[in-house]
Structure formats: C-alpha cells, structure tokens
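Across the two complexes that follow, subunit A remains constant while its partner is subunit B and subsequently subunit C.
The block that comes next holds the complex of A and B.
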C-alpha cells in the first residue's frame, strides 16, 4: 500500500514536471499587453484568468503545418497562432508593432534596420530562441529558392534585390536595404521557425536530403510533438475533417499587465465544419463559442441571442478586400477585332457613364441585407492608408473619397454626348458608327456576385445598353481575365494594410493589371503617375508623407476606373457572453488572430 | 471459374490504361489548373508563379506529363499531392478517413438491405393495396429529397425544435467535444451512435427506394411464372411459395446491384458527409477535384475504377453462386 502511494506520488510529480514547464517568473523581456490602459488599442479589453477551452468552427481542413510553404489561410490560421515574427500587425489598429523584437532602430539614411530580440525566451520545447533562428528563417527558408514560399515576394525591394540580414550578436540582427522601402516593415512580420528542428530538412544546410525536402516537411502526417513554435498556441491534436486542437505554449512570451501569462484559454479547439449553415446550427446549439456570421444569419440570430446568452455584434467596419467590375480596355486586342468597342472602353467618359449606372446602395440593401459599405478605393477600408480617412490612421470621413453617384440621367447624357445612341431604332444604344453595341458581363457561380451582376444588368439595360450577364466557371473567368478576352468581368481581390502589397495589380506592368495589360508597353500619364506614387509612398518612413502619396494614388485610380469598385460586406460577429474579450473581434485581427478573434486575449468568464 | 477470373483480371489492365488516359485528358481540358487561385493573389509575383508551375511540371506538354505520370505509376509511385505535399494515397486515406468510410458504408448498406428487401417483398405481395401505396410513397419521398437538404433539415430539427443542446448533445461530426480526449467507454460509444444515426437515416432513405422498387418488380415478375403456380397448386403454404421459391429467384438481379455498389461504398455520399462533418475518402477526393490537385484526382480515379472492376467480378461470382444455371466456362 505504502509502495503504491509512493509510486502514485512519483507519478504525480513527474506529470507535474511535464505540465509545469514554462518560465519560473515573467521574463524581463516579456511582451506586455496594456489591458484596459486608456489611449492604447487595448483600452476596451478586460483582464482575464487562465483556464478553459475556446471552441470555434473553420470551414476547411489545414493542408499541412508548415507556415512558410502554406499558401492558404486554412493552414495559416493555425500556424499564425503557433509562430510569431519580429514584428506584427496590431490586432486592433492594424499598425506595425513589435512582437518577438523588443524594439528596432532605423539608421539615419533609412537603409539599416536594427532589431533587438527578446532575451531568455524559449521555443515551445524549451530551446532558447536566438538570432540564429531569425537568420535560418530568413536566409535558409524564405529567401531559399529551393523552398516553395510565397513570403519571398514580399521581401523584394524596388531594385529587385533582397534586404541583407546579418547577425550582430545572439540577440541583435540588422537588415540592410539597397534603398528606402517602408513596406518592408510589413514583410518583416514573417513568422520565425525553429532552426534546431528544421535545419536538417533544408537541402542547402544538409546536402544529405534531396532538394525540395523542406516543402514536404511538417505535413499533416508529421507527429504533432515535432511541431515547435514561439506563438501562443501549439497544435496538439488533429482529427481529419473533424477538429484541430491547440494547447497553450508554456513558453509564450506574451503577458497581460497584471502578470498573467497569455493566452488565457488553456485550449483552443477548431471544429472543421465545411457547411456554413451547419456552423450556424452548431453555434445556436452551443457547440461553438464564436461565429463570424453572414448577413442572412442576422434575422435568425438577433432575436434568439438574449435568451441563449449570446450577443450579435453588427458593426460598420468593412472587411479586407475589394469587389469590382473590370471594363476590359483591351477588348478584342488579342484577336484584332472590336476596334471601335475597344476605343469606346478606353474612353474614360464612357467608363464614367457606366460607373454612374452602378447602384451600390441597392446592392448593399438587397444583396448584403444592408450590412455592407460601398467601395471606391483600391485600398481596403481597414487599412490605415485608406484614402477616406482625414489623416494617417485617423477617423474615416470619406471627405476625400471619389464617388460616381448612381445617376442614370447623367449616365444617359454622357452616353448621348459620346454618340452612343440608338441609331437603328431597335431600342438599344449603338456604337458611334451605328454598329450595334453589346456588353457581356461575366461572373463566377457565387450568389452574392450573381446578385450584383443582375442589378447591374438591369440598370445597364434600363439605360439602353444591350447587356447580357452570364455565369461562367471561376477558372474560365480567370482565364478570360489574363488573356484579355473578357468584356466586363466581375470578380474580387484580397487586400491588405500596405498599399504596395497591391502593386502587382496597379503598377502599369503588374501581372494583374488586367483592365489594360497593354499599359505596360504604352502607359499614359496617369499610369506613370500611379507607378511613381507607389514608389514615393514606399520610399519614406514618414507615415504622414506616405499617406499623402497613397491618397493621391487612390484618387487617381478611382478616377481612372480600371477596376470599378462595388461594395464590401461589413464585419459581423456572434459570440457567447461567457467568452471574455470576444467583443474585440475585428477584421483587422485576422492577419495575426483567428477568424477575427483576438485569440490570445479571450478568456473564460463562466 | 479460375480461368474466368484470371481472364477478367487481365482485361482490367488495358481498361485501366484507357480510363487513365481519358481522365488525364479530361483534367487537362478543364479550364485553369491548381495554380489558378494563386494567379488571382495580388501578393504573388509572376516569377514565383512560374517557379511553381515548373515545380509541379505543369509547363510540360500534355503527352509528356501523362508519360511521366504513367512511368511513375508503373513503378508504384502515384506522386505527391500538390495540396498536402503528402503521397497521393496518404492524402486520400489520411487519419481515420478510410476506417470511417468503411464503417459508415457497410453499416448503411446492411441497414438499407435489411429494411428494403422485406419492404419490397411486402409491397409485392400486397400489390395495389393501400399498404403498398404507403410504403412506396415513403420510399419515393426518401429518394426524392436531396440528401444534403434532408441532412440540413434533420440538424435544424434537432437544434431548433428538439433543442438537443439543452441536454448537452451536439449535432454533426463524430463526437461531442467533451468526449474528444475521453477514454473509450459506454458513454462514448453511445455518443458515437448519437452522431451516426442521422447518417444512416439520410443515406439509407436515399438508397432504399430504388431497392424496394427493384425487389417489388422482380418478385412480381416471378410470382406470375408457371412454377409458382405449380407450387401453389400442389398445396404448398403461401409463405413457402413466396420465400422458398419466388424470393430466391427474384433476388438474383439484386446481387449484381450489390457488387456494383462496392465503389460507391468508398467514394459515395460526399455531400452528406460534408454537411454532417464525417471524415470520408470521398471528401478528400472531392476536395482534390475542387482544387485541381491532379495527382490525387488521377490516383483516386484509378483506385475507384479498380474498385468498380473488382465489384463487377465479385458480382459475377456471386451470381454464379446463387444461381446454379449460370456458368462462365
């Protein structure tokens, strides 16, 4: 009996040793969140306590566990909780803030960025994190051509070179740039990877493994105990098509200002629910604690919430991304036809007439149940550089916005002035030469997009334009876009905080400059100014100057009517009241958080 | 019989070759490819895209790609998924997918047959009576409601009308979250059953109507045959006439159906599995189709074709076994 007791005691001690890992005391270099401190982004947050499990749903399975070879958010929503970088985008304000770096300096000439790392911080397996891990991640993973890594593109400087990363000592590194390029700060949010676990899989460092091995490392079949990170959570369970379980990283360096280590929740479980209707049912059934809802869910959830103990937040915050129609100014160019139509499409007056026929208010009301905002700018509304603000990062006033109000009469008079009138009396407007004009609108099979296009088709027809809307396969649509064989195409693009992340789209030679690919060889004045403004905005660390350049950039693009923007859904959220700090969910927290939720600050109130 | 099976197996080889060539061509005829979504990502440059195209071998001419694929398959290498970067079959069968697919498929199959055959017999022996119309009606109802919709309605009823959440019960998936880490127990098995019954109901009702009609029709045909009349006229009990003579002969065509349902066991019910959150091989294959993950599509197709062919052979074999009149030599 005594023996058994001793054995049980030993077992208890040894099991405590496993779970007791972590720091003995708050590290001197911990990242402290100023919870509830007025004047900070966290002033509306509450202090919490550790414990509990947070349940949410996500729509797809992860495709692997390797953050740098992942190409989709279904994977990075987990790896972003497992890894953190030198810098991060603030979950609430979207500004660039320090994360694993405790601070950084920019040299006088703006070409050398020195980062000071947090000392005494460990990976989740207890190995210290040093400058070598930063060098490994940057030089041997991200910049390594053998690694299939999308993050490399964000590191390219305007002259085509990459920043040179050097180690000063174990806790100091410098990035040397060939030219001043502020958007590099957004790119230096890249997640850190543990050298001691992964160097053996990089062909460059270990010639024994074949080239490309790193791309097949940390896949779904890797034992989860091999996964090591420095973020708030590590993956500890995965049941395919069912759930992902993450548990707190005992060595995470984030603390609240009361000295409690983050994250508050011990566990974070993401149920994989591929059907949104089922997600909503699971939320109503109390199986998941939070739910990023669709406009059509609101009439059901709003009345039910108080009785079931959940709150539905309806915000006016727009989400990231743009939705647009593209009037192909190169229409007919690939096969040398439609010359007159092309000339018409290239006339900005004609595009203005079409813009005046876009009834964005009706789209918001009828398609998005009123839960959307009209768009005019290529930059997503949550970005601090959105041109509708009255200064850098300031409140949105839309004073500087460029709107083409819905005005069919004005549109008609513009069309008349262009000679686009009904010449043959068939009820449809014709080209100035008298040849018939037909407009084709294509979109892919998506209920929201189809609804937009039907509204547009109605208004175009009402104005006398012979318009046909057709739903085509997404890949066919993308094919039309890249080969300039479409007419008017309705699609959308993802967006981010930094305008230069969209340079692939808006630079005259950009790969997605689909409204006029020919602008690359034959740019007009506006195209050249847009190219210049993108460079100017990037070429300064002064955010006010950058904002001024980017504002002009947005206004020029809005006037140019290449992509003509429609509207974007606003961010709406439903959450059980027992989840503390869930009210901080916002579209801005998506880059670093999960499903809009500021995961590491949520806590169990029940 | 043995020579027959060997002959059939040898026939499979050219057949699978043709199947693979046709499906490879069809994949290539689909607009776009695995990288189409990446092309629409503003943050990916053309250089990176071109590198990826080369990495996946998508820049080579069609016939070269097919040749390389075929060469590797002959050597037993079905390739690596573009998407998960794991070998093709690991991607398809990952985790407990294969196990759950087999469990769900076999239990549903057995349940469907156990219920549908007696109903079909009952329906035939009570032809045009009100009870025949009632069972036929419900059979058709099950057949005509789309499975995904029926599944959604079922979940909605459970959550909103029966409010199962108040009793701590979840809907969809395999288990309630509180049992995720729990050791196996009676309560846990009970919870599995709670999550499985909607699948049985949804898939079962969908497949039952066809079987009922088939059984009913076959039996009705058989019941008019002279030997049934002979059996009756020599004074056998009606029960013996039906079960010993008529049903045994009426069931032959159903054996073929059973054999052909083999590939459906592994690949079927995708949409129901998606709505009810069940891990199945079909879902992995469906995801590969949506993402144009070519190696997985091709590997999966070969696998399902092989299953279909094996199912055919088994059906022939079973038929010979239940019907002594059939010989393959």
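The block that comes next holds the complex of A and C.
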C-alpha cells in the first residue's frame, strides 16, 4: 500500500513538468563549449558531470515568466535561463557569439544579415524550433506595438525604421536594414519564444483575443506546465516569498566538448530572501552556494572562508553601470521659480566647481573599502568602448579621460569668479545677486549612496556652500528625476557594453535626459553633437570609427557635467569550493546584474 | 592557582597520549567523545557542527545540556542555533535589544549587532577605535573577529604579516585586538597548512595557559584539519 502511494506521488510530480525525453544522441548542430581548450575564453573552465542542485538567493520575487514583457531583473534572471536567442553575449569575453544560430553572414554593404539556424533542435516540450519561431518572436512580439516589449527600442535604426525579417527556409532567415547599424548584432541577442504555445495570445494572429492579451500571458498565475523554453533550464516550481525552482531542459542544445549535455546541475533553486544581509547569512550557513558580496562583507567572509570551504574572490574588475550626482539644470522650471539658481546650474563653470569638490578617492577608500574605481565617463568601465582602461585594449586610453580632480582651492576660485561669494557675512556663499544659495542633495535609502552624499555634503559645506542632504523614498526620488523638481540627486544607472544602449539617457530627447529635459526643445550645440555621435557610432561597422565617435561622445558628456560621475565598486564574489566553474564568475556574464555566475557550466564537485 | 596546576598536569599527560598517536588516522567523532583537553574537544566540536545539524532538535537540546565533553555541547549548541533559525530571530531584533542581550553575555546577539552595524566599520581603524570603548567582552569578540578579516594576509585593506599577528595575538592591548589576530591567524594557517593535527595539538597545550587567544587561533585551525 505504501509503495503504491509513493508511486502515485511520483506520477503526480512528473506530470507537473511537461518535458520531452531529450535527444537520443548529441545533435549534429549542438552548441559545443570548448571547455579547457587553450586560446578560448573557456580555457580555465573544467569539464563537469551532471547532477545536483545549485542554490542561490534573490531579494525579489519574479513578477511573471514572460521574457519580452519583463522590465526587471527579478524576472529576467529566470527567463534568461529559460530562453536563448540567435546570438548571445559570451559569458566570459562579453563578445557577441552565436547561440541558436549556428552561423551568420553579413552582406558587403552591411545591410543584409543572413542567419543559419541549428537543425533538429527542440523546445523543452519536444516541439521542433524553426524559422517560424524566430519570425513570430521578432515580427509578432518584439515589433508588435500591441506588446509592451522592452527589446523594441534597441531595434530602431538610425533613420527611425526597423530591420525587416524574412524567412528563406525553415532554418534560414534574413534581416534587411535600410541603413548600417553596427549594434544590430547586440540587438539580435533577443530571446526566442515558442510560436506553438504563444501565438494564440497575440491579437494580430488571433483576433479572438483582445488587444494586449500577450502582456498578460505567462504571468505568475500561469500553470508552470505551460512554460516552454529553449534555454538550459525551465521553471518548474515557485512559492511566493520562498523560492523559484528550475530544472534542466532535456532539449537544451548546449554540450561540453566531452559530449555531456549542459547544464551540469539538474536543478537551480533561487531562495527568495528579504534583503542582502539575509542572503549573506544564508551563504555563511551553507544554505546557498554563491553570493555577490558587498565591500562591507569582506572582513566577515574573508577569514571564515577557508574553514567553511568557500572562497572570496576580490577582483579589480569593475562592474557595469554608473553612479552619479545630477545637477538639475531645469531646477525651478516646472513652477517658474529659482530663475537665478537655474541660470547658475546651467553655467558649466559652476558645475565644474562642484565637480572639483567631489572627493572620489575618499569615496573609494571609505565607502567601498578601497574596492572600487573612480568614474568619469557615461560608458560602463567594462565596456570595450570605455575610455579609461588599460586592460581591455582598444584605441581609447586613460590619457583621453576627462577628470575634474578633487581640488577645493580651484573650486573656490571658480566660485569666486562667478560671484558666488559670501555677500552677507553669514559664512555661506550666496548667489551673484546676493540672495542666499542653498543646495539640496537627495538620495534614496542605500548605505553606499548615503555615505557618498555625506562626503559630498561635508566638502560642499567646507567650500562655503550651504548644503542639506536628505534621504528620500526611492519612488519619490525617481518622481523628482522625471518631473525636474529635484535640485541635486544622487543615483545610478545600469549599463552594458554598447554605448548606444544609453541613448534613452543621453540623447537630447531621451526619456532619462533628466539633467535638462528642456534640451529636447532647446538643444545647444553640444546636445546636437551628442545626438549625432550616437547615430554615427551605430551607423558604422568600422570599429576604429566607432571608437573615435564614442571617444568624442564620452569627452563631450564628461565636459558637459550633466550627470557627474562618482565611483563604481569592483566585482567581488563568494562561492563554495564544491561548485565547479564558479571561479569563472564575472561581471561580463550579467551586465547590469549582481550575479556573475555561468550557471549552465557550474557543476557539483562534492 | 591550584586548579591551573592540576589542569597543566592533565594537559601534559594528554600531550604524551597524543604524541603517541602520530601517524594514525584521526576519527573526529572519537575525539569529540573522549578528548580531555577542552580546546581540542572544542576544535572537534567545531568540525562536527554540520554533521550535528542532521540530528533532531530534541537530541540536540539533550546533547547541548548534558553532552559529556565541551566539544559535544558546543557542536550541539551551534547546530541548534542553525536548525532552530535563531539567527534570523536575532536579525529581526532591533539594535537596543541586541545590545542588551550582548551585554548580558549572549555572543550570538553581539555577533548579530556587529553584523547589522558593520557598515559603520568600513576601515580597520574604525573598528580599532570602537574597541577602545567597547562595553562588553561579547562585543569585543564580535568586533575583533571582524577586524581579523581586515588583518588576514591577502586582505585588500589592513593586512598584517604572520609575525605581526603572532605578536598581536600574544600581546595585544585588548581582548578585541587579540581575537582579531587569532581570527586572521586561523584563516592564514588554513590556507598555508603549516602544521599537522598532532603538531597543532601540541602547540595548543603549550600556549593555552599563557596565550589563550593564540590557543583559540590554533583551535580554529585544528577544527579545519579535523574536518578534512
């Protein structure tokens, strides 16, 4: 009787996940990772074996399972494991590499890209993947105005049109461009979606469903058995505030060079915790296997790691993203106040004076425990286009960087020259008219940002600038940012390798051009040149030209001092030694995220 | 004084027994049950915490209260701490409540207070400054342990050499500084593995009466060796 009950239980569990049986043998078109092969990005990786469960923690619940309507990493950290695209960013090198496409050609004029798809590959439910799925994903989801899709902006060409995707045969597709768009390869890393499961929810393909239905598809209410993917894992379990469980996709087409199908771990479980402190406690207790640590965690983890069997990797690799203060050049514009202050904030000499009061070295040492790097550019430090490097190569060098060194005396002389002096003898500098000048700095409740602001406030006050720092709710702060009602705001942006991905911030009409929204209607020469450089950088396949355009772009933005950059912490990681290949964790794996693990290559060594 | 003398005699006797064990495999489960030297028994206990978490809460409570050796009681207490989720209970407490418990001798509460406030101590000098005015030994140990993370060779900020750490663990002006040095030494030795189980045990016996924090450093290293 007991045996019968257990068997029934097993049947019930297996019916929850609709998986096919997997391939009989390694497909001829499998994607093979050259594990341990010298001269490849994977030369330091180890061959693994299948089995086990990898645990990590996340501080947010996912908001759904629909990759193309997700806007937040709390969702895409799972959907990016469930879906893969024609191309992908190499986990280690960050280069654009083939994924579901086995190869591609670019025509001599750069306007036609032909992709050859892997044949004999299935979705996780055993249905073949063909060119129809690529067309469905691109034409019916990404370019469909009815779908609230994050990937669409990245497809816009410099002339405002979109690439045209056509099917040549079941395993060949072409993208035709009206003009050269170098970041097209980055744009074509979009994840593929299964037409046989999702076409029924797209209004233009199935008029029986209302417009917008796709946006409500594959939500948290969807039975998990409905989810189908082509990536290494598929979500098979979710308990609110507790965990997300993913299991291997038996039809994933990735293999190692010893013929073992990836991923190595059978399961991947993300425990959902209330904050990073709890993540750290769970890591110390061995409940999770990996942890992307903060600088303040290092003194605690470093000494106990050897005894507990984990390693703390402290690296000099910068993470993606930028951290900055924004001097609002439209201050008072929405309600017609603060005219003189606005005029002052719009004066680049004043912004230069403030930039000379930013003590980035102290921020790096005191706030980041020395584990960070000062920033000057809008482009993320790990990007090959970043202008302040000496270890990624590229023609842009530190010599071209635009730095405003911490120099309170120089700042004071600039303020004096602008007439920003103490007119009434109260100890604080006043506006040139003699009216009082008070600077308000706001940041959200983030320990690192608060520490930055306290340092800035001290230095501003030391220079005679009456400055008040206040912590405000994050949503309030974002509201200030979008409504031009803030004064000086300290926040950060995510980033990636391609500078053009920042055009929503730095184009004069960009949705996040928060330091001067009025530039959209009244752009100055610099704004117009920045707009032009963004298009020029994208409009060429010649990397030397692109480097040159983006070098000028970075320098102009640095001189413009709209966002004034501060510091970014380096990539630090803690991992139990039983997790094979976890030593390859890198910020390159997940630009903009905090988990650099190469999940499908990790394996259980215990 | 008399007690110390008797204890020293016991230590010497056991040292002879241990030295005779050179070359034999060490069963840490035997060590935890039979070891007479507190520090060595405790090292075995530290090595067995993970294994003890597989026991029931009832078993652990019994062993924590009535275990025959300090190592058994220690392993049971730490395993109880993990399996009952007390760590998260402490995490939910406010700073005042944690400080009150810490001043009453609760080391876990002190550790949690420090953990929750560690952002105030981003540089070794800030921890050292705090140790000058620390109000309880539990808090000194918590802060000292974290300070050890700065001192450990290879640390990006505040690393000390082995010689500097040995000097500090013996003659540091405060308990917190000596604990910091002990923590860093344990981590360093685990990485470099300079001594065998028997050699470490002998060292513990030699220093435990004179330099208790140095014995603590060896004890942490011995626990690691027991766990191999």
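The rule is simple: the second predicted complex is superposed on the first by the 572 of 606 C-alpha atoms of A that agree within 3 Å, B and C clash if a C-alpha of one lies under 4 Å from a C-alpha of the other, contacts with A are read in each partner's own complex, and residues count from 1 in each chain.
Basically, contacts are C-beta pairs under 8 Å (C-beta built on N, C-alpha and C of every residue); 3 or more make two chains touch, one makes a residue touch a chain.
Worth saying up front: this structure is predicted, and the values here are computed from it rather than measured.
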{"item": "Superposition on subunit A - do subunit B and subunit C clash or fit", "value": "clash"}
{"item": "Subunit B versus subunit C as contact partner of A:314, first or second or both or neither", "value": "second"}
{"item": "Contacts of A:153 with subunit B and subunit C, given as first, second, both or neither", "value": "first"}
{"item": "Contacts of A:285 with subunit B and subunit C, given as first, second, both or neither", "value": "both"}
{"item": "First, second, both or neither for A:541, with subunit B first and subunit C second", "value": "neither"}
{"item": "Contacts of A:403 with subunit B and subunit C, given as first, second, both or neither", "value": "neither"}
{"item": "If touched residues of subunit A are counted for subunit B and for subunit C, the larger one", "value": "B"}
{"item": "Which of subunit B and subunit C A:277 touches, first, second, both or neither", "value": "both"}
{"item": "Touching partner for A:511 - first (subunit B), second (subunit C), both, neither", "value": "first"}
{"item": "Footprint overlap on subunit A, comparing subunit B with subunit C", "value": "277-278, 281, 285-286"}
{"item": "Subunit B residues touching subunit A - in the complex, by the definition given at the top", "value": "30-33, 36, 38-46, 48-49, 51-52, 55, 80, 83-86, 90, 94-97, 152, 155-156, 158-160, 164-165, 170-177, 180-181, 273-280, 283, 287, 292"}
{"item": "Touching residues on subunit A, where the partner in the complex is subunit C", "value": "277-278, 281, 285-286, 295-307, 314, 365-367, 369-371, 447, 451"}
{"item": "List of subunit C residues in touch with subunit A within their complex", "value": "50, 82, 87-88, 91, 115-116, 118-119, 121-123, 145-150, 152, 154-157, 183-184, 186-187, 190-191, 220, 223-224, 227"}
{"item": "Subunit A to subunit B touching residues, read off their complex", "value": "53, 55, 61, 63-64, 69, 71, 145, 148, 150, 152-154, 156, 212, 215-216, 219-221, 237-243, 245, 269, 271-275, 277-278, 281-282, 284-287, 473-476, 478-479, 482, 491, 493-496, 501-502, 504-505, 511-512"}
